[in-house]
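Before anything else, here's the structure in question.
As written, the chains take the letters A, B and C, and residue 1 is the first residue of each chain.
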Amino acid sequence: MTRPGGAPDRVPAGAPDGVPAGLPGGVPDGVSPTWGVRGLTVWFGAHAALRDVTLEVPAGQVTGVVGGDGAGKTTLLRILAGAAAPDAGEVRRPPAEQTGYLAASSGTYPDLSVDENLAFAAAGYGMPGKLAAARASQLLERTGLAAARQRLAGKLSGGMRQKLGVVRAMLHRPRLLVLDEPTTGVDPVSRADLWWLIARAAAEGAAVVLTTTYIDEAERAASVLVLEDGDALAQGKPEEIIASVPGTIKISPERLRGDAARRAWRRAGTWRVWVPPGYDGGADGTAGGEGAADCVTPDLQDAVIVAALARELWAGEPS
Amino acid sequence: MWAMIVKEFRQLRRDRRTLAMMIFLPVLLLIIFGYAARFDVKTIAATVVGPQARTVAAALRPPFDATKIAPAENRADAVAALRDGRTPVAFVTGAGQTTALLDGSQLFTATAAKTALAEMSRGQAEPAGAGQAAGAAQTAQPFSMRVEVLYNPLLKTSDIMVPGLAGLILLFVGMVITSLGVVRERQAGTLEQLAVMPLRPRDVFLGKIAPYFLVAAVDLAIVVTLGVWLFAVPFRGSVLVFALGALLFLFVTLGMGVLISSVSQTQGQAIQLAIMVMLPQIMLSGLIFPLSSMAAGVRWIGYLLPLTYFTQITRGVMLRGAPIASLWQPFAYLALIGIVVTALATLRFRKFLAPSPRRRVRPTQPAETAMAGAEQ
Amino acid sequence: MTELLAQSIGATRVFGHIAAVSDVDLQVAPGEVVGLLGANGAGKTTLIRMLLGLLPPSAGEVRLFGQLPSLATRRRLGYVPQGLGLYDDLTPRENMSFAAAAFGGAGGERGAPGRHRPRPAGLAKRGVPGGQRPRFPGLAKRRAPGGRLPGLAPLPPGLESMSKITVGRLPLGVQRRIAFAQALAHRPDLLVLDEPTSGVDPLAGARLWETIGDAAAAGAGVLVTTHHMDEAQECERLVVMAEGRVVAEGDVAAIVGSARVTVVETPDWSGAFEAIERAGSAAALVGRTLRVPAASPEEVKRMVGAVPARVYEAAATLEERFLQLTLPAAGAGAGAGGGAGQAH
């Protein structure tokens, strides 16, 4: 269920600062637009950073974009945030004042203090001083940054700097919050705080989109887009992606040989091998129907690996 | 250890900027010292005024070159010519002794003129040679002349250096520090954040350079004040004219700073480039070595450099009290260079902040990798 | 009796008044993959530096290959730091040849024939007959056919086309493979890896773990430091550190034990979220459900009050258990540093 985040005069419960979502220039009552892209293609010279990608970013929930380095995640987010323009396709996003963005490279000024960084952001987005201060205090307090307000951002640990970056991006209650790898390299405690901020933003009605390279994080999102080399590898709710895994996955205690080796990967000390539907294996012992004892219920990581394998081994065929 | 050496060489080979500096710099220095670093003055243009102008002019020998003979003009006109920088030397002829007026703000020319005049008057003590007309004895008079050095009577080096240093400081602050300031933004990744905020590129650009503007202006005031106070350098001209010149010059240097930053990925690179651009200006702008002494093949470089013109302005205003009208040329050049540089800098800046316009899907187009997040 | 590759006994290290590491016992035996799991500031880095010989312990003992860490023992070590330790402006080959030369000639087998290379000291001590180094099946497979130049180590397979590109311009996954190959080139007995698969997609990560597994199967010991659960779960054995101490040890199941969290399922998750916040507890958002570590189902039911929700108990994930272990036992609620986890 999507939570409408568009009505400017509706204050979500528990928001003590009373700041309506979407500062100046709100959306007409009752309309809750969905931001996103459709058929997005971006070229860098001869190299396609994104190829025909479609993604919806609904308000009031977290959308995750997952993929390895070079998959196109940052490009996609830059387009959503308005820092770049597409070569083909459609982008639906709110105006700059209602967008919050955290670039992959921190986005905070290392030689300004925490407070000064937030003051600049507030001013830049046209947020009244007192309002900004109150909201900043609340967010900083809750994520353990209150004691470090006077510290220079460059002197903060990685986790604290990322938290500052997210606070900065959501300070002005944007309708669309775009976070590029907010939790990469961050220790688990700070990660928990970051996810609190993310949850908070979504609870306030923002459409949150974030990127990550970690599958277990992607699982926390309400819907996920898996990118590889600019293509959408898989898409949908985590459970949908898992359900759409074709064939089965079997466990083998030993390393596999021959053809099966190309469909196998190592996971937690054992090997998993993907058996595509209708495959009859033969001698490598990986054949066997659904009910076989060594079948395993896939999780999102398995599903993504299978999608990647399918792409690698059967390039061009739909998986 | 050998492995270390091999590795360093391989890395150096790829570091084009450092290589350029290591190769470009020695070549530049050689050119400069070869062709530009001369203090000797070969020709001295001279204006001759007063009733005896023609006679005196005819009697002038190299290094003097009587470029203007104006019997109708008087001393006041000659002084004005010097003050306006139209000529370095003027001879004022009249009923009595001829007076040679030398422009002390052109130190080397004045010194050379003084020496030449001293030699000439010594030479006159000898009897005229056989080929001389009988009237030569009577015309011995013109060369026992009075020498008056205007605008820097003691021919102090500090008097001409301090105005030049003013320009140097503005150059440094303008270029190096501005370029660092902008590169820092790129390095910290915050430039992208700015691109997404509802800020106009113009606001970002102006807001970025305004503080440097102020700092440079304050710097300049300090340097000039100190120079005047500590070294007793005069300030004879209009402060407003000086300030206007400084303003124009700052626009140029700040714009150059932003341009440098737009082609540098790191602060180290920015400094390297700034040094490479600054060094020729120090050497070839007439700050140390007079332009007139440089070989023509090298002198043209000096005429391209903004510092050359600013030095003309500072020396003119401070030492000679020159009015703005006489300095129209350097002002004009500075304004022109300023416009070009600012326009280029704004354009480059805009590219960083505004999303790139829709490109047609042409796989052969060169990649816009500078800020396009190609790392991901 | 197999020699322990790395060992610390009651290792302690203080900086001024702060004990970065307190009384830590750690062992890595040949063939093991041990994960060192901890938040920033937990002491992982300091402990690793002590093991590598970069920092002496203030108290306790640290042993590398049975002796005090020294230059000789370095040769038996392969280390891939988080920054990968590659020179961005050199090609992969150039990087590997530099590393090979630095480590004393890639185990002695490669390099220009006829040039005498001293065998690393560790060989003599190993007591393995004939001083034969164990073969690394994974590495052997990856020898590029015909891709060798005298004095240069071979590249991992599939990278020949990239041999002219400087490392800085290669994608991260490829960089990692090169860093791995570099660390493995001199056949180390102990591998120390800092977050080996961060930033790469799951398939590439799985392939990297294959390489790590192969190294372990061939007899090397592997110590992985991480603060990510995905990586932690690939290790046979985990050592969890917090504030300089070991707070848990064992495999994943042993560490999670019987820790439980309360799960809240409701269409109005944001309402429930706010309600739980107001009540002073912390809820973590997962998809559209909330997980509350610090309160029992009854308590949570009370907190959400009127919001219609399904509230039940479930097993904690490794991450939740980790947070429980590492956060100080402050009172439940939104205090400074409060996150989704609270110690019981």
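We take it that a residue touches a chain if its C-beta (ideal position, glycine included) is under 8 Å from a C-beta of that chain, and two chains touch if they have at least 3 such contacts.
Nothing here was measured: the structure is a model prediction, and the numbers come from that model.
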item: Centre-most chain [mean C-alpha coordinates]; value: A
item: Label of the chain whose CA centroid is most distant from the centroid of chain B; value: C
item: Inter-centroid spacing, chain C versus chain A (mean Cα positions, whole Å); value: 24
item: Distance between chain centroids, defined by C-alpha means - chain B, chain C (Å); value: 60
item: Centroid spacing, where centroids are CA-atom means, of chain A and chain B in whole angstrom; value: 55
item: For chain B, residues that touch 2 or more chains besides their own; value: none
item: Chain A: positions in contact with at least two other chains; value: 69-71
item: For chain C, residues contacting two or more additional chains; value: none
item: Complex interface listing, chain A residues touching chain B; value: 41, 43-47, 49, 69-75, 78, 81-88, 95-97, 99, 101-110, 121, 124-126
item: Sites on chain C touched by chain B in the complex; value: 87, 89-90, 94, 97-98, 101-102, 166
item: Residues of chain B defined as touching chain A within the complex; value: 188-190, 192-193, 195-199, 355-369, 372-376
item: Interfacial residue positions of chain C with respect to chain A in the complex; value: 39-41, 171-173, 198-204, 206-207, 209-210, 213, 227-230, 233-234, 236, 267, 269-271, 273-275, 277-278, 282-288, 319, 322-323, 326-327, 334, 336-341
item: List of chain B residues in touch with chain C within their complex; value: 2-4, 6-7, 10-11, 14-15
